[in-house]
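To keep things clear, I will list the structure first and then write my remarks on it.
Naming follows writing order (A, B, C and D), and every chain is counted from residue 1.
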């Protein structure tokens, strides 16, 4: 079998053997029943009881297991140039880690600098992923400035299937946009019907606070928090709400970490702003004290916005359960502890930000959400898969289980018991922030478009089989 | 065929002929695809393409039509004693109206007075419905006082399958509960895992405002609003949030009408209160000026909380779209204009409250929601069916389309064009608040547990076939 | 000299000798300058530099000292029947303690039970004070029910010069009012132009929480907090705001203890409710952990609302400085530790509520407010004297220093250093919650209507010289 | 008499004749009594009854009149370069208009462009005022950028007695500061103990909205509002609150126009931000519909923030009464209608902003505030004089009546009845936005440092007698 890829190049795609998943308990955002799922080529073609497999069909016994739609991670960094080097994961390692953990589609941030061309950046990122990623993928197109050339590029990039933008209110001078550019970006986004995702922290304020802390000799990772306290994040969200209201654009606030920021999302919502909030698995399970661990151990937990006081976890769980936090992402950012995090040993502002968790997001969320009764199975699927598919225009090809949908399926074993460890993870980083943490469930089999890609913690799929997913208007419905 | 009903009496139930709905576009809260639905006895048994019907199967062509799960109205009054008389609808007329309009399950309020026994009231209401209702039904058990006898009754009623309570903070002296009783009711509800629905207006305040208005000679229907302004409703919600927080109970605020009240729901949510909000079709489409129509015409639009200023409609639509308003109900309360509403001609406080809309809820919501692009098809199904099923413990038997679920299906014709009129409605009331309003869609076929009950605006089902639905914990998951 | 008292009985009043306070730094809410103050009979007659005293004038050297207007304590309990006994202070001891501490006028709560006649209660309280109190005094008239007789009594009591009401939303069944009574009380208050002071906690909720705690074996003083958490107080304030808005009445929230409650005051203010907030010296200096002291020591710190988490202190100080908390009171409630607080040794709900502080309020406020730079001298005078005089209709007779005003003056010595101790206090209670706490300032001389009543920590005045202060509309302007 | 001015130049100052104001009702923020005020040289020296004037004393009969402290306008523009021309008032005309209207001290904004030197600008403005202004004056030092040179200049300017800064979040590219500069300005302000006043609107957003409106052909003055809706102002205030909280600086929000902005001030206050709010007489009396008057008449009412919906007036009056709006200013900006406002006839963004009202502020505030019972006399003095003196470090030399204070007095005639008209005003502009508006009160005599400067609507003082007022830390206490 062969097909044209996004550049028109002929590629071999997955063989046509059919697949039958038998007797699993199918769980989607709004259904739950026991049946068989039959897949032909890339798609689910039948869901019924007692489907008899044609000859040559691979049959998977899902009895006593859940069958979930493939999970979607809406917020991932794989390739990211950084101080002369890059992040540690390649698309090969990252996509395999994703699949082992049940994530069948990821949306990567394209993060050009202010001086880069957007189209050029898109081509660069697409080239890094295509032919290397084993899972399906899409991109949020980072907008790091706005001028006539950028507008032209963005229009073309949207045409080519990237139905969402990303802006940084933070990281001034590098990735961030001015208010004038923000207004123009949102206006264009509204015209084109694409969602704009936004990192909401005020960059100038952070720089000023960093400078003040360093000047006071406060250089350790525990001071990272104080350079970006909750009020800085809430300020960013409030700012975005104003611009979204004035432009009519639909916006998506990435990595909401605390009640203060969420309150601003709710205040915006209540006056009609079209806004979704994302939180991250890290904020649900780690807290401010982790970044205060002695001996630079805290650096493993440095991310932005920072880990918050523990009381925020209840607020975020409640938000996920009630739907006013729409999605759960990982903000995967794979930096090594020994060689990369270590660059900030004398100066917390030089610690690369991020806590790798692409591989563990789903299992941790299942264990500490569903098993601890904080969310139910439908809320689990909704926030870790379906909502992202709907908001970002992948639905119903992705994000649910129905005839005609891509056969991205996770046969999940709720009986599995294990622990997370850097020693056994597929992510190409030298530590895990969740070292030793127990998980109570794991994907038994993971399929991408009808083909088994991971089984019981191992990647067993085909390298580079992942496809770029063209996306449409999504949340604009 | 025969079965035991809730009292153990043998009843004939629907014949066993199978049903096949072909080629419709199946839409649930999180799926959308074209397929056939095959139903045997009461249940959906298969969903697949190209199902070949066994002999004797009734086949319905759904090509070009949507197939929705049967809609659920979570807030209905059918039988209600009132000033020596009662409401105009019987369970026969109400259930047929519901089915014509696409509602296959309704949850009725049992509204005993403070002096009535709860178990006795439950038996009374059940007896009124059973054998008369053509659609399935359940009840919210009204709690109008709380003492040892009431507690005993409530425990038994929950055992018998009524998994939700209803309290009135308003209507003091008749249906309302004191704060002490409210605390005890919520504490019991939490223990038993049932949701408490609440009418949130402060009764004493309303009585005082009514007395003041009447003393000032302000007696017309246009003054109803001023006896229950937004602040009275917001006060009620705020009060409930406090009691829900202190008891840990899950609560459901019925008929939220305005931004002020919704803001209190959101403030409660953000600090972790387990609360859902319901709004009504009337609040989305009518406003304060309707109740100000001259010549007592306004009385047709008197309900509580009152119709609000038009600006609130945007807030409520946005809430339904974003999910912080969970459900859409009708608060159906069938009083005639000429003989019943007229009792308040000299005194607005004597106008029976309510705007009949059980029959029209779904069509109006589809027309002015989906067709006007305020909500998408999935949000439509979610808020008019699935959410109520989940919150009130009917899911997944009701509220979705999946193998094993009850075959409650609505084959919906989006090409239909028509107008609402009292002259043609099945509800047994002498007027329609929506007289002349256009609708752009209507159920072509409505089935209840596998049997066609309504077709193209006519009831064609079996009288009294509706079954009492035992419900479990619901929202407590 | 003689005059008629409030009952028309001839009484000797203060001798006519004139008084000259020389060279003090006069500080009012909006002035600050060095001058002499000359007083004749009851009043200030001149403020000028270099006033030459007529013969027979008592001259006080105030050089290097402040001259403040006499402080006003707007919230005091002296006489209060309690479980067969009463509070420990008499009007004699309480008024002398007040004067020693710089308070020249106090407003006492009249707290009748629901069954008492209001006029009868007023006469009772007036009789207790008149002829016994050395400082001037007025009352807030407690309204513990509302019916025709009560209305008649209240109209007469207002006529007789009690220009404010007091309601309890808490203490159901004893002092509290129903919502219907609240509405009527506020409506009457508005008609008569009197301010209604309110204790804002929901009584039913407290009783339910108390019962739950006791049932769980949580009987110590540390559980008092949990029977009245911040949400209970905020609920009470929110409730009052609604009723004040609906009636147009001016209200005064006594003893605001926490941010949650203050936020509700601010939300009410911003939508136009005429509301003032009072806080207490205890909330500024003590916190929740005091009531958790071991060996029943915590009982000394049991009051309602309870002492809160320390973070609230900043909020309250900021409110006093910025004026959105208007007044500082003591809520003096003199119960002995050994014989009275001890009644709650097995059951915190039986601990009499209150922390005696009538004598210490001003010195503590000066020391930890002015000296610690949290408020300036004008804000000090404004919140501890002037604001209460204005709100409650004593101004400009009381609350400021001007020709014609009563010569209630505090010559304050900022050089004094000392400690608070039960061993040396005049209040008739066997402990001090502030035992050992340092004060940095103390009244050198305190005058009441032109006569020296206290000097350097000793009462040197005339017993029973205090007069009942007839008050007018006050805050209604 | 002669004295050294701020540059060390010898100048003639007011003659030394003494002044006696007899029998007026003296009203300060916290006193009210009938007495005589005796002034010698610049100062009040005695306040007493029956003062006998030495020979040569000018005696003014104030019987039946109020004696207020001279009013202070905290927000005035006199000199302002503008599109090649300037504002119409000189310091001569402006100061005389101020005095006629009862304002004895004004604080003018120094508004340098980003390219101007700060010290140079200060000298320029000082030179314009000194020798020309008949009333006393001070400045807010505009900070339009922040670098090492600016910091040096600001330190010197503060040393020279300008104890407050002014920043624009709006007017990007001209007067506005970046967030980095804002942080540094506030940090310096905190170090130096000066208050920072701020114009809170987001400049980029306004530019974008202006461009969009013009592109849509919306060019008339009625569109000015839509280029700066309430959300833009609220955004600015929210932004400032964040920066004030992070730096600990004390801030003063100029010209708060609406509830949305005031709510952000209150939210900041409640979490401890040291913030004051100012509103303007225009917002209390005019509204959005004024700027919608036909035939370009609306241009007379174009100012920023724009006039708002009428409902905001109640909120602002309530704020002034309750003290959470601290001051009332005029934001006087004298542009002619025919030659200057007319420049925006084809394009509302070219209409010079401002509604001249320096002369009318006090009379309008008295008439529509005190006489209409919205504020009392003390609140009137507090918000129109005393509060500004305290916040900006002029107190107690200005802002009250006490021995030693400057003899800036307004003998106010409450019996006067008249109308405002451009034909009779002293301000040098060709229209009045208040043409024909009735006033019920007017200054009978106005003195500046002991000398009569205005009488019954006429300037009768000495040109150029006004002195630059060195100011200290003010609000930092």
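Keep this in mind: a residue touches a chain if its C-beta (ideal position, glycine included) is under 8 Å from a C-beta of that chain, and two chains touch if they have at least 3 such contacts.
Because the structure is predicted, anything quoted here is derived from the model rather than measured.
Of the two chain pairs examined here, B-C and A-B, it is A-B that is joined by more C-beta pairs in contact. Note: centroid distance chain A to chain C, computed from Cα atoms, is 58 Å. Per-chain Cα centroids separate chain B from chain C by 53 Å. Chain centres here are Cα means. That of chain A falls 38 Å from that of chain B.
Inter-chain contacts, as defined above, occur between A-B, A-D, B-C, C-D. If you check the complex, the residues on chain C that touch chain D are 26, 28-35, 45-49, 259, 262-263, 266, 269-272, 274, 314-315, 318-319, 322-324, 373, 376, 378, 382, 386, 390, 396, 399-405, 477.
On the chain B side of its complex with chain C, the touching residues are 178-180, 182-184, 187, 202-205, 207-209, 229, 231-232, 234-235, 238-239, 242-243, 245-246.
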